[in-house]
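Below is one structure, written out as C-alpha cells; comments come after it.
The first chain written gets the first letter, and so on, giving A, B, C and D; residue counts start at 1 in each chain.
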Amino acid sequence: MTVNEWVFVGLFLALAWLLPATPVFLAKFLAPKRPNPVKQQVYECGIETEGDTWVQFRAQYYVYALVFLLFDVEVVFLFPWALAYNKLGLFALFEVVVFITLLIVALLYTWRKRALAWSS
Amino acid sequence: MELTVESLVFLLFSLITLGGGLLVVTTRNLFHGALFLMLSLFGVAGLFVLLTAPFLAGIQVVVYIGAIAILIIFAIMLTPQVTTTQPTNSQWIAALVVAVVLFALLASVVTPILSELGAEGWGASFTEKNPPPVPEDSIVELGSAFVDPERFMLPFEVASILLMAALVGAVMLVRPTPDEEEDAAPPEVSERALVESQE
Amino acid sequence: MVPLYMYLLVAAGLFSIGLYGVLSRRNAIAILMSIELMLNAANINLVAFWRYGQPANVSGQAFAAFVFVVAAAEVAVGLALIINIYRRRRSVVAEDVDLLKW
Amino acid sequence: MTDFLIDIGFSRDLAVLVAKTLGVFALAMIGLVWTIFLIWVERKVAGRFQDRLGPNRAGPFGLVQSFADAIKIILKEDIMHSGVDRWVFNIAPLLSVMAVLLLWVVIPFTPTLIGVDLSIGVLYLFAVGSLSSVAILMAGWGSNNKFALMGAFRAVAQLISYEVPMALTMLVPVVLTGSMSTQDVVFGQHVWYVFAVPLTLLIFIIASMAELGRAPFDILEAESELVAGYQVEYSGFKFGLFYVGEFLHAFTVGVVMAVLFFGGWRGPFAEDVPLLGFFYLLIKSFIGYFVVLWIRMTVPRVRVDQMLDLGWKFLVPLSLVNLLVVALVWKIIPGTDTIDSFGDALVPSLVLLVVNIVMILGVGALLREQGRRDRQRLEAKRAALEPAEAAPASAGR
C-alpha cells in the first residue's frame, strides 16, 4: 500500500475539471452575448414565475435519504468483510447475517409505518 | 518542515479542509454551507489518503459527501430558512474567543513550539516523522477484526443496533403528523368522493 | 513524511472552527454541520495516531469507521428532530426552542 | 516512457510525474472525444430502433454529425438568467462530467494497461458514482427555478434509492475474488461471473439503468411534467456537458459491467497479446452498451412511486439476500479460497449457477403471485366503485 498510486488519481481529478472547463471558457469569447429582460426570465413554460423558488418539499424525500444513509453505512462495513471473506469461518457469515437482519428489521418497520409510500 | 511534494499536497488538503470549515461556519446561505461542508470533508478524505488509509478516504466520500451532506441538503429544503440576515447569535464574540483560546491551547500542546521556546514539560512531543510502513493487507486485517469475537465483534453488532435505532427513531419523528395526513387525502378516499359527487 | 504534529494541528484547527460554529450559529442545521466538522477533526486525530503509532494494528482505522456510524446516526436523528420542531414551531433557530430552559 | 524521459535528462521524480500527467491527459482526452463518437452511435442505433435512418448527411454514414454539433454548441449563447447562483450554476455541469470521467481511472484495459490499480478499486467506483447526485443537486439549486429544483430532488431520490443495491451487487465479485482491485477481479474470473451469478448481473443492470437516469427511469427529465428536470435553465456548452456526462456514463456502465461480470479483457490469447485484450473489452462493453440502449428504446417510463417501490421494497432486500446466499454457497463448497485456474473454478461456478437459477425462478414466482394479487385488488376496487355503495377501500390500513 503506497500513497504514490494516488498521484494518478490526483492528477486526473485536476484534469477532469480543466478539460470540460476549457470549452466553457472558450465559449465565453466565441458565443454571442445579447441578454434582454425576457430572455433572462426564469423558464416556466412561458408563465411568469410566482413567488420564491423555494417551495415546501414533502418529508418523503427526507425519509428516502434517511434510509439510504443508514444502508450506505452498512454497505461500507460490508466492504472489508467481503474482502476478508475467504479467510474467515462460517461464524463470520453468521455475524453478518445478524448485522444485516437488524437493518432489514428497521427497513420493514419503515415499510409497515407507510413511510416508504410515495403517495400517502 | 521541508518542502517536498508530499508536504505541498498536505498543505493543499489542509487548506481545503480548514478553508471549507471556516466558510461553513461563516456563510449566510445554508445551501452554500452544505456545499462547503462537502469541500471540507473532501479535504479530510485527501488527508486520509496521505495517511495511507485509502479505505477510510473511500468511505469518507461515500458516507459524508454521498449521503450525510445530501441528507443535510434535503433537511435544509424542508425547513425554509435557507438564508438568514443574521446567522450568528448574541454570544458570537465570546464563542470566537473560546475557539481561538482553545486552538492556541491545543496548538501549544501538540506542536513543539513551546519546548523550543524553553518551556519545560508543557507539550507532548509529537515530532514523529518516519513511522513504519502500513502492511499491504491492512484492509483485509480490518475486515477480519470487525468479525473477530476477540476484537471488534461486539462494536460491530452494536453499530448495527445503533443504525436500526436511529432509523426507527428518525422515521418516527418525520412521519407526517395526523393533521398533515388529512391535507393529503389518500387516493382511495378521493376516488370515492369523486363517485359520490357525481351522484 | 510530514511530522505528526502537523496533522494534529489541522485537526485542532478544524475542531476549533467547529466549536465556534456550534456556539455562535443560530440555525440548528448549521450547528449540526459544525458538529460534523468536530467529529471529522476527531477522525483525523484517530487516523494520524494510528499511522504514526502502530500502523500494523488496525484499531485506529476501526475506531474511525465506528465514528462514521455514530456520525450517521447523529445526523439522521438530529435532522429529524429539527424537522419535527420546525413543523411544530415554524422555526429552526436553536434559541427559540427553550421550553425546557430552566 | 519514463525511461525515455530520464534518458533525455529529466530527474527521476519529474520523469515519473510528466509520464503520469501525459497518461492522465490521454485517458481523459480519449474519454471525452470517445463521447462524441458515442453520441453518433446512439443516434444511429436509436434511429434503427425507431425505423429511421439516423444521422446520414454529414460525412460517411453521418459520422461527422456529432463533431459538427459539438462545434455548434460552443457557438451557442450561454444564457444566464436572473437570480442564478453563479458559482453553483457553473460548477454543476463540470462536476457531472468529472464524476463519470473519474470512473475510468480504475478500468483495466489490458493485463498491463490500467490507469492505476487501486487497492480499493471497487469501493472507488462506488464512491465516485455517488458524486453525481451532488452535481444534480447543485444544478437544481443554482438554476433558481422551481421545476429544476423539483427535478433535482426527484433525480437524487432516484439515484440514492438505487445506489444501495448497486453497491451490494458490486460486493459479490469482491466476495468471489477476495480483492477490491479491479485488475484482480478480472484476473479472478477464470469462469466469467456472469455464468456464476447471473441474478447479481440482472440487479446490477437494473440499478445502473436507474443511476443513468434514462428510460425507463428517466423520471428526472420527465419532459411532460418537469420540462427537463434539473437541466431546464442550462444552455450552450454547459448543457452540452450534461449531455456528455450522460452519454459517457451510459458507455461506462457497459465497461464496468464487462469488467465486473464479463471477464474484462479476458479472451483467447489476451494475456500474450495485450492489444487483443483491449479489443475484447471494447466488444464486451459495446454489447453491454447496446443492451442499455435496447432497454431505453423499448421500455416505457415507470412512475415515481413504482420506481421507488422497485428500489426499496424489491431490489434492496433481494440484493441483500443474494449477497448472503452467494457468500454462504461460496463458504460451503470446499476449495474456493485457492482458485487459480479454470479447472478449480468450474465446479463452484456450476453450483452457484444452479443456486442462482433456483433463486431467479423463486423470485419470478413471487413476482407473478404479487402481480396476480395486485390485479385482483384493482379489479375489486373498480367493482366497488361501479355501484354507488362504495366499499371502505382503506379498511386494510
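Note that a residue touches a chain if its C-beta (ideal position, glycine included) is under 8 Å from a C-beta of that chain, and two chains touch if they have at least 3 such contacts.
Fair warning: this is a prediction, and the values are worked out from it, not measured in the lab.
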| item | value |
| --- | --- |
| Chain pair with more C-beta contacts, A-B versus A-C | A-B |
| Rounded Å distance between chain C and chain D, as computed from the means of their C-alpha atoms | 33 |
| Euclidean distance of C-alpha centroids - chain A vs chain C, Å | 21 |
| Whole-Å separation of chain centres (CA-atom averages), chain A against chain B | 15 |
| Interchain centroid distance [CA atoms averaged], chain B/chain C, Å | 6 |
| Residue list for chain A, restricted to those that touch at least two other chains | 1, 6, 54, 57, 59, 61-62, 65-70, 72-73, 75-77, 79, 82-83, 85, 87, 96, 100, 107, 119 |
| Multi-chain contact sites of chain B, meaning residues that touch two or more partners | 6, 50, 52, 54-55, 59, 62-63, 66-68, 70-71, 74-75, 77-78, 133-135, 138-139, 141-142, 146, 159, 163, 166-167, 170-171, 174, 186 |
| Residues within chain D bordering two or more other chains | 118-119, 123, 126, 149, 153, 156, 160, 163, 180 |
| Touching chain combinations (by label order) | A-B, A-C, A-D, B-C, B-D |
| Chain B-facing residues of chain C, complex | 1-10, 12-21, 23-27, 29-30, 32-34, 36-37, 40, 43-44, 47-48, 50-53, 55-56, 58-59, 61-62, 64-66, 68-73, 75-77, 79-84, 86-87, 91-95 |
| Residue ranges of chain A touching chain D (in the complex, touch as defined) | 1, 5-9, 11-13, 15-17, 19-21, 23-24, 26-28, 30-35, 39-45, 49, 53-55, 57, 61, 64-65, 67-68, 71-72, 75, 78-79, 82-83, 85-87, 90, 93, 96-97, 100, 104, 107, 111, 114, 116-119 |
| Chain C contact footprint on chain B (complex, rising order) | 1, 6-7, 10, 14, 17-18, 21-22, 24-25, 30, 33-34, 37, 40-41, 44, 47-48, 50-53, 55-56, 59-60, 63-64, 67-68, 71-72, 75-76, 78-79, 81, 84, 86-89, 91-92, 94-96, 98-100, 102-103, 106-107, 110-112, 126-135, 138, 141-142, 145-146, 151-152, 155, 159, 162-163, 165-167, 169-171, 173-174, 177, 180 |
| Interface residues, chain D side, partner chain A - complex | 17, 20-21, 23-25, 27-29, 32, 74-83, 90, 93-94, 97-98, 101-102, 105, 115-119, 122-123, 126, 144-147, 149-150, 153, 156-157, 160-161, 163-164, 167-168, 171, 174-175, 178-180, 227, 232-233, 236-238, 240-241, 244, 304-305, 308-309, 312-313, 316-317, 320, 323-324, 327-328, 330-331, 336-337, 397 |
| Residues of chain C defined as touching chain A within the complex | 65, 68-69, 72-73, 75-76, 79-80, 83 |
